[in-house]
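Structures are listed in the sections that come next.
What follows is a pair of complexes built around chain A, which joins chain B in one and chain C in the other.
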Partner chain A sequence: MKVTVKNWHAIAQWRWDTGTNEDEGDGEGDVCGICRVPYEGCCPSCKMPGDDCPLIWGECSHVFHMHCLLQWIGTAASKQQCPMDRRPWVTAERKVNHSNGR
Partner chain B sequence: MATDALRAQIAGKWQSAFSRLNRGEPGISGLLSFSEAWTIAADFLQPRDLADPAPKKEHDMQEVRGAFDTLSKSKMLPMLLENFLESMRKQRYLIEREVDQFMSQYDSTEDCQYIAGLVLRLVEWYKAWAPIPELGYTILSAYTLAFHTQTFSILPPSFASGFKALVASTLTLIDSDTLPTWAHHPALAYYNPKRPDVPLWSAFDQLGLLDRYESLISSVCYEHIEAHIQETCAGKWGEPMLARLREWMAEKIVPWMIMPYARGARNTDEARSMLQGIGSRFDFHVCKTLSDLRTKEIFDIIVDYPDSLCALQDLKECLQRVDQRTELVQTLRKANKKRLLHPGADTKDILLQYVSIIRCLRIVDPPGVLLYKVADPIRKYLRERPDTIRCIVASLVGDGESGDSLVDENEPIQPLQQLQVEDYTDPNWEPEPIDAGPEFRTNKPSDVISTLVSIYDSKDLFVKELQVLLAQRLLSIKDGNFERERRNIEILKIRFGESALQVCEVMLRDMTDSKRIDQHVQSQKSLSLHPTIISGHFWPPLQSSTLTMPGQLKELQDEYSKQYTTFKPDKRLRWLPQLGSIKLELTLQDRTVSADVSLLEAAFIELFSEKDIWTIDELTTRVRSIDRISAAKALATWVDMGVLKAGGDSVYRLLEVAEEVPTSSSAAAIQHLPAVEEVPTIMTVQQQQAEQMKVYWKFIEGMLTNLGQLSLDRIQSMLKLAPGYDRTIEQLASFMEAARREGLVTVKDGVWKLNR
Partner chain C sequence: MAVSTRRLQKELVEIQKQGTPVGITLLSADDFQTWLFTVQVLGDTIYSGELFALKFRFDGQYPIQPPAVQFVVDEKYQAPVHPHVYSNGHICASILGNEWSPVLSVIAVCVTIQSMLASCKKKERPPDNERYVKHAPENPKKTQFVYHDDTV
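Moving on, here comes the complex of A and B:
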């Protein structure tokens, strides 16, 4: 017998590749350290998640909603530091390397 | 011992009496003529026997008048009257004899012509015995009174029923072509053939029957009105009947009323003013009777709405005249309880009827007091039904396949109005008084949807249910056309507010994005997989399982994921494998089979392309932890299609060549399978809540362990101390009830304790 797929309507869920949770687990545990909203949600000033409210990766390996981080950096109290480790914030070049993917 | 003075006094009195009788005539000639006059007058007045065949005695009227004059001058008329009335009493048996005859004829035939005959005959007696008018009003009226009294004492009890029948037959004259038997009576037959009853009414009047039977006569008319309304209006709801009834009254009843109620009127104006009181009473009775009828029919009138609009407008007008509002409320509440609020009724039907009730009672009673009283039990009942919200929501998004929508398309879409009046948790809440003024309605929602949503304390439940429903509908769209859902969401935004529908906006965006992404992916590499890619946090929880797709299905997923990540380098896809559907084509040795199947079904058949024979256990191991029942059901689909054959020991074999009679064997196989409900892919709000409620079980368990037994109120108030607890007491009640069914707790007299 030969099985031919003519048309498959599937449901999938997207998630950010934060480089941390690579396994198949629920992968929903990670939240933005600033607003405490999951990465796949959106920051408090956005209504649409995803491309409209992207993430920003730091050299320090911390990841935030971009809008949250920019707002944080814009405050004097931030001293341009990562809010998690108080190291100077340096935005990481996003690695387009999926060899370590599943 | 008589003194001289006394003697003289008596002599004086005699003298004056004598001279009065003698009227100052010379000698005793006056006295002689007095005695003669008495004889003539008494003889003239003597009540004669009408049945006596001897000709009526002729009187010289001049002589009679002279005699009365003589007696009048002697002031002896009162004595003459006394004497006359005494004679009447003595002759009473003459009338009694005839009354008995008429009445025995009536009693044996029940034909009211004998009553008419009797009445007319009594009038003859009355006239025959009447003194001449010259005797003056006092004597005449004394005679009339005496005659009436005598007549009434003679008439037997059955006369009243015969009289009633006779009066009733006068009411139907106007509508009937044939005259009743009584109309052929010689005293009536030559009168206006259309109104042979006119002389009859005069006779009633002369005999004092109109006064004596006043209430009986009006009751005849009341009953006539009732019968007419019953006959012409029952079940007839599509036409305005009240106006027609009033026309009928004016045309048919008023002409009749003139006889009993406007006798002696000299012109129309006089007649009108005489009829005013009784006319208004009859009009009231028309309203009362129609209102009673419509009240009795109210449930079905509401079912029939809007076809029954006229009946409702009639009822409104009647209720303005007759205060039957309490009866209406009670009847409708009773009917609702009996016919609507029972376990056998569909929630959807209850809601439809409730909405009709809202619309109908608003017509009858715009201030909404009636609706308020009727709606209360319905709302309480609906609140206890688990699927009420879902039904309302389904109707909101136009899910009604039956075409019966709760939402009136003509009703403007407006934001929800929250109402305070029905907030039963408010300690200051009080029912509105019956005479609630115009302000009663100002804080009530006027549109149907707001009224329905206000069944619940908050609209949050609706919003959640809306999200579930929209999610289900969006995920089931296969042709990529979700314009309808977009429109729905736009409308819902007006009703529920932008923020409540924000997640639905995200869902819609996911739909458009998915379409765009798929177009891109397909342009890179044509794949037969077209996923809807969702933003998980914005969709209702999807039931997750760990179905692992085998073979080419997995390859397809992986290839799509790869293409996706190439397009969106920061993102990954996670497949929700048990959702969606797949169209397959199986090429077998002797045939091809096309099938639209679930993913589990697809996964299984894909495995059969590896080898022909599998056991259920082998199959479930390959796709990972699928329960046996779901697995058996998925396999049964293929067995039904004649692709697989079930053997013993849960072994399934691929039929590369079709079997002769595939149906019978599969039918046998199916019989062994327990029926499995189609698993909904999205958790309903109810399921979500039950899931969350479990968290609180250990609090409840702890409470009951430490405190022994608690009322629901106590449990609720203690749970409020638990973090994040936001359930209503109704939700807690249904949870406790579920716990009781599981045997965890018992309840007695509203007090809960652990079952151990």
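Moving on, here comes the complex of A and C:
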């Protein structure tokens, strides 16, 4: 039998490395707590997800869309605290997943 | 579209899909400016049998800014008699002011206020009720409340 490929569609998928496995969690933990949009979506002020609307990690381990968190931290009412645990917000270095063979 | 609209749409879908916690019902959410809920305090409490209505008003900055939340006072509803609730419906609760967090939601606020009522042992108005109500702004967010008592 001879098969001729007439055309093909490439499909790619990406997600932010938030340090959790895809199959972990209840599926609800994967949204930004501020705007409730998935991390892989974008904050309400952006049109394109991805590098244009990155995530920000706190030392406290909480993750948000960077734009959402900065909007909150920019208000006096935030007292510069993490919205989740009210600890002083300290931005963490982007976590590198060492288990991926690098 | 205002930032608040997208977030409120998500909250509304969640309410319609999962329902509201026991004792809380959605009365109206016809737009993304004003929502109304009824609140009952269940179990053996001093408010048993009473039905209250909570009004939420959102500006375009919700959830970065807290909603304006108060009890409805009209022909049908009265504000609960509680040391943190003024007779005009305004509520002195820190999570509506300086303890607000953008990860809170409309339902989370309803539940907090419901439990604030549930834990109350004595029906009384705030000590400065008359003075406050006389000069209170229409919108409770314009009041700088002093949170002096965490026991009730």
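A few notes on this one:
Just so we're on the same page, the second predicted complex is superposed on the first by the 80 of 102 C-alpha atoms of A that agree within 3 Å, B and C clash if a C-alpha of one lies under 4 Å from a C-alpha of the other, contacts with A are read in each partner's own complex, and residues count from 1 in each chain.
Note that a contact is a pair of C-beta atoms (placed from the backbone, for glycine too) under 8 Å apart; a residue touches a chain by one contact, two chains touch by 3 or more.
Source: prediction; values computed, not measured.
Of the two partner chains, chain C is the only one touched by A:Q71; chain B is not. Counting the residues of chain A that each partner touches, chain B and chain C differ, and the larger count belongs to B.
Contact with chain B, but none with chain C, is seen for A:E40 once the two complexes are overlaid on the shared chain.
By the document's definition of touching, of the two partners only chain B reaches A:Q13; chain C does not. Legend: residue contacts after superposition of the two complexes on their common chain; A:V5 is shown touching chain B, with no touch to chain C. In the superposed model, A:M48 lies in contact with chain B only, and not with chain C. Interface residues of chain A, counted against chain C in their complex, comprise 33-37, 44-45, 68, 71-72, 75, 77, 79, 83-84, 86. By the touch criterion given at the top, residues 1-17, 24, 27-28, 38, 40-41, 47-51, 54-55, 94, 96, 98, 101 of chain A touch chain B in their complex. Contacts from chain B toward chain A in the complex involve residues 475, 478, 502, 505-506, 509, 513, 528-538, 542, 551-553, 556-557, 564-565, 568-577, 579-588, 594, 599, 602, 605-606, 608-609, 654, 656. Those residues of chain C lying in contact with chain A across their complex are 1, 3, 6-7, 10-11, 63-66, 98, 100-103.
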